[in-house]
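Structure first, commentary second.
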Amino acid sequence: MDNWLPTLTTATPTEGFELAIKLSRMAIKSTQPDAAVRDRLRPDYAEDADSLIAVSQVVATNFATIAAANDHWRGSR
Amino acid sequence: MDNWLPTLTTATPTEGFELAIKLSRMAIKSTQPDAAVRDRLRPDYAEDADSLIAVSQVVATNFATIAAANDHWRGSR
Amino acid sequence: MDNWLPTLTTATPTEGFELAIKLSRMAIKSTQPDAAVRDRLRPDYAEDADSLIAVSQVVATNFATIAAANDHWRGSR
Amino acid sequence: MDNWLPTLTTATPTEGFELAIKLSRMAIKSTQPDAAVRDRLRPDYAEDADSLIAVSQVVATNFATIAAANDHWRGSR
Amino acid sequence: MDNWLPTLTTATPTEGFELAIKLSRMAIKSTQPDAAVRDRLRPDYAEDADSLIAVSQVVATNFATIAAANDHWRGSR
Amino acid sequence: MDNWLPTLTTATPTEGFELAIKLSRMAIKSTQPDAAVRDRLRPDYAEDADSLIAVSQVVATNFATIAAANDHWRGSR
């Protein structure tokens, strides 16, 4: 695998949140590498309230890590 | 995406809690960008006890991050 | 919304635990503002073992945040 | 409610783990105060693998908090 | 209960991971003390993908605590 | 069990993420040591959206631990 995650540092919280979403997707990609299968599964979660909430939970967990890595962007406001 | 999250700093814990709710919703919006679909799903979770508890879990996770970013608002009381 | 959460500081761990429960409920209230609906849902979770465990998980997550905010009440014993 | 949680400090990790279990139960008790209902629900989770795993998750979350409060009992061994 | 958890300190991350698994099991044992029932439930989770993932989540949570207690074994490599 | 986890230190966040995936799998392996059973279960989660999200949650939890162990690779960028 290429070095797709060279750093956890981002310029803004917004970019940190985007990175948290990316991490969530990369874990799924690692478990199910077949893009065709992932595409087929998409409606199963994108149109299901509980699945969307579960995705939101994973993003929240990853965002905590990225926020810590950026000292919570305390200099930004 | 615009810079919707310029900072994690809030004036009070109450505002921090509001921001935690916003983060939870933005992760869902990112996975399901179609507002019509999200509106259609709303009764699935807003009238389901387990879904509401799951939402509450996501908010709790995001609130932990925001509280840390604000040094737990230790100066407030 | 009024400033219902002016501080995370509490005098004792017991009061901190009570606050953790309150945070868990406020997130649900925010998602389902209709008190009548929330009352109708109550038996769905208050008489269901898995729902009660899930509530307990949310409280545990919020209690971690409040305990950190109070430096774990290290002066109390 | 009486001051049932005067401190998070315990003498040993073993006692801290016991306290984590107590916290998990107190959150359930707070949501379902009726002891008769809780007793009736007991077989629903005590004889269900997924429920037991979920209880274990709550205990793990509370144990993290208590361990932090005790500086992970670094002096013990 | 005997003092089964005298310390969170382990010599290596590998041993810390083993301890995380032990903590996960002890919480279940505390909720369901009857070994015969636990044995009967074993196939319910050991042959179910979602249950195994849930166990893995509990272990991850406990491992975070143990890793923190050992300062992440920073001296080891 | 051999010393399969000698350190939590990795050179890059990418390698840390790989290690988080490994930890997630090792917990499952510990609960279900039979490789034939694990292989048989694979389609149950690799082709199920909710299971994949749950795996992603476990990886996120383990990644938080590994990121902390590496001081969030703050020197990298």
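Per-chain residue numbering starts at 1, and chain names A, B, C, D, E and F are given in the order in which the chains are listed.
Basically, a contact is a pair of C-beta atoms (placed from the backbone, for glycine too) under 8 Å apart; a residue touches a chain by one contact, two chains touch by 3 or more.
By chain, with names taken from UniProt: A, B, C, D, E, F = Peroxidase.
Here the structure is a predicted model, which is why all the values come from computation and not from measurement.
Asker: Rounded to the nearest whole Å, what is the centre-to-centre distance of subunit A (Peroxidase) and subunit D (Peroxidase), using the mean of the C-alpha atoms as each centre?
Answerer: Once rounded, the distance between the two centres reads 31 Å.
Asker: How many angstrom lie between the CA centroids of subunit B (Peroxidase) and subunit C (Peroxidase), rounded to a whole number?
Answerer: Result: the chain centres lie 15 Å from each other.
Asker: For subunit A (Peroxidase), jot down the residues that touch at least 2 other chains.
Answerer: 45, 48, 50, 54-55, 57, 61, 64, 68
Asker: Classify the chain contact graph as line, ring, star, complete or other.
Answerer: Ring.
Asker: If the ring is traversed from subunit C (Peroxidase) in the direction of subunit D (Peroxidase), what sequence of chains comes out?
Answerer: Counting round from subunit C (Peroxidase), the next being subunit D (Peroxidase), yields C, D, E, F, A, B.
Asker: For subunit B (Peroxidase), which residues count as touching subunit A (Peroxidase) in their complex?
Answerer: Counting only subunit B (Peroxidase), the residues touching subunit A (Peroxidase) are 1-9, 23-28, 30-32, 37, 41-42, 44-45, 48, 50-51, 54-55, 57-58, 61-62, 64-65, 68-69.
Asker: Provide the residue numbers of subunit E (Peroxidase) that touch subunit F (Peroxidase) in the complex, in ascending order.
Answerer: It is residues 12-14, 17-18, 20-21, 45-50, 52-57, 59-61, 63-64, 67-68, 72-74, 76-77 of subunit E (Peroxidase) that touch subunit F (Peroxidase).
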